[in-house]
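Structure record follows, encoded as structure tokens.
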Amino acid sequence: MTPEERVHESFGRQGLMTTLGARITHVDAGEVDVELPFDERLTQQHGYLHAAVLSAALDSACGYAALTLMPADRAVLSVEFKVNLLAPAIGERFLARGRVLRSGRTLTVCRGDAVAFTGDEERHVATMTATMMAVASAGERVD
Amino acid sequence: MTPEERVHESFGRQGLMTTLGARITHVDAGEVDVELPFDERLTQQHGYLHAAVLSAALDSACGYAALTLMPADRAVLSVEFKVNLLAPAIGERFLARGRVLRSGRTLTVCRGDAVAFTGDEERHVATMTATMMAVASAGERVD
Amino acid sequence: MTPEERVHESFGRQGLMTTLGARITHVDAGEVDVELPFDERLTQQHGYLHAAVLSAALDSACGYAALTLMPADRAVLSVEFKVNLLAPAIGERFLARGRVLRSGRTLTVCRGDAVAFTGDEERHVATMTATMMAVASAGERVD
Amino acid sequence: MTPEERVHESFGRQGLMTTLGARITHVDAGEVDVELPFDERLTQQHGYLHAAVLSAALDSACGYAALTLMPADRAVLSVEFKVNLLAPAIGERFLARGRVLRSGRTLTVCRGDAVAFTGDEERHVATMTATMMAVASAGERVD
């Protein structure tokens, strides 16, 4: 499988991504974008998209960006991530861009940025830094 | 409304919490617990509960723990949170405990810990630190 | 005072910045750079610059970047920051670049990146995201 | 060397800890405390101890807490840490307590808490979560 095929295959096995209506819109070396539409099933108490949904999309985008640079016999697990919410997640659709900052044998550090689209307007709503770990394909933590 | 009623009322308006099957199991001053069952619709690629789902439960638990200490005319928004994943989220049900570390007029700092239950066994699977902000009840950021 | 003068005046009162040999090399709206030389008094156990020294420079760069966009009667305090170390901090000198991602009345979110210079070579060694808070000039937390 | 001796030996090689006047006051399995006095050379702009100095003490306490549980041929490097500042660091002396939350072969997750002492009063001023990595003793990142 190419890195792009591995990303799509793994993403397809994430029950949560289906539940969120998320899909991959871009894959390149060290880069993955994940898009999802607004959905009332995914809101927080003020009717905005829940911060945790943005985090889910950012975590996936970052994790798969990391996977594109890992050997073919490796899978990826999240070690930690931090999200700063920059503005209420109001919009019709949301794009989470994951980019690798530093790629290592075991650990990969990624940055993710989420934007909200309303018509032609685009707004930066969240930013993430995340540490990803290479694991054996069976899904066991190498660590 | 009592703080406990405010927490339940706001939680009930979170579409995401319904989608996750999450419910509040404990509310006290500076303390909220959120529980959710395992669900295949909420998995990551290895069949574990997705880290972002744990984050959602932790974020809610932390946010509502903060809300219990805020004046009655305030609502709560997440400013930032960081999650460290300690073990794969394997289990039948999951409990996220949010506790206030420092309560201020505008900002509240919380710690959250998530445990996974399998039968009688309990495992610490994630820890969060989060900054929460008091907002006007209409949901607008005071900031 | 201009924003640039306020930044220099406040920086000059930081005992730690003198101890670290740090100086400001760039100030613009939402942007501050802080530079410091390698110093054996500032090392960790393997002889590299200590991660906490990079954090100090990044925290200052981010905090003062935030200050450039605050009203003249406000000072700045750090609410939280997270640092990912990307490579050992080996070099002759280090530059911490702080940039505002989102500027609010009370809270400002910044990103900081630190690079190490050895001769003509430049290496990205750390990245930070930070939340800064506007405080009354007396230094009291408004919150 | 015992784990305690390894911690003291490594700490003694940190130029920064000497510069900060920091010393280790407690070592046990998965636990290290680092203490330092207030010093005007280590202040931020309002005369409090600089947040980055607290971070340095917390990072060391967490790193060495992790080291106590690593094999004898391993050293420790910081992967990432996040600090939430809970109150101004006003005090005569400061104690940073590092505790291991999760110990793995490659990665260890720690929590650190810093308190300020003024006379008999104790105040919780900062909390950290950190990821530490086992490295070969030569100081090279295994990763």
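For this structure, a couple of remarks:
In this document, chain identifiers A, B, C and D correspond to the written order of the chains, with residue numbering beginning at 1 in each.
Note that in this section a residue touches a chain if its C-beta (ideal position, glycine included) is under 8 Å from a C-beta of that chain, and two chains touch if they have at least 3 such contacts.
No experiment lies behind these values; they were computed from the predicted model shown.
Comparing mean CA positions across the assembly, the chain most remote from subunit A is D. Taking C-D and A-C together, the pair of chains sharing more C-beta contacts is C-D. Rounded to whole angstrom, the centroid-to-centroid distance between subunit A and subunit D, based on C-alpha atoms, equals 32 Å.
Between the CA-based centres of subunit C and subunit D the separation comes to 21 Å, rounded to the whole angstrom. Separating the centre of subunit A from that of subunit C, both taken as means of CA atoms, is a distance of 28 Å. Residue positions of subunit C touching 2 or more other chains, listed in rising order: 79-80, 82, 84, 109, 129, 131, 141. Residues of subunit D touching subunit B in their complex: 82, 84, 86-87, 101-102, 109, 111, 124, 127, 129, 131. For subunit C in complex with subunit B, the touching residues are 79-80, 82, 104-107, 109, 129, 131, 133, 141-143. By the touch criterion stated above, subunit A contacts subunit B in their complex at residues 10-11, 13-16, 18-19, 39-48, 50-53, 55-56, 59-60, 75, 77-85, 88, 139, 141.
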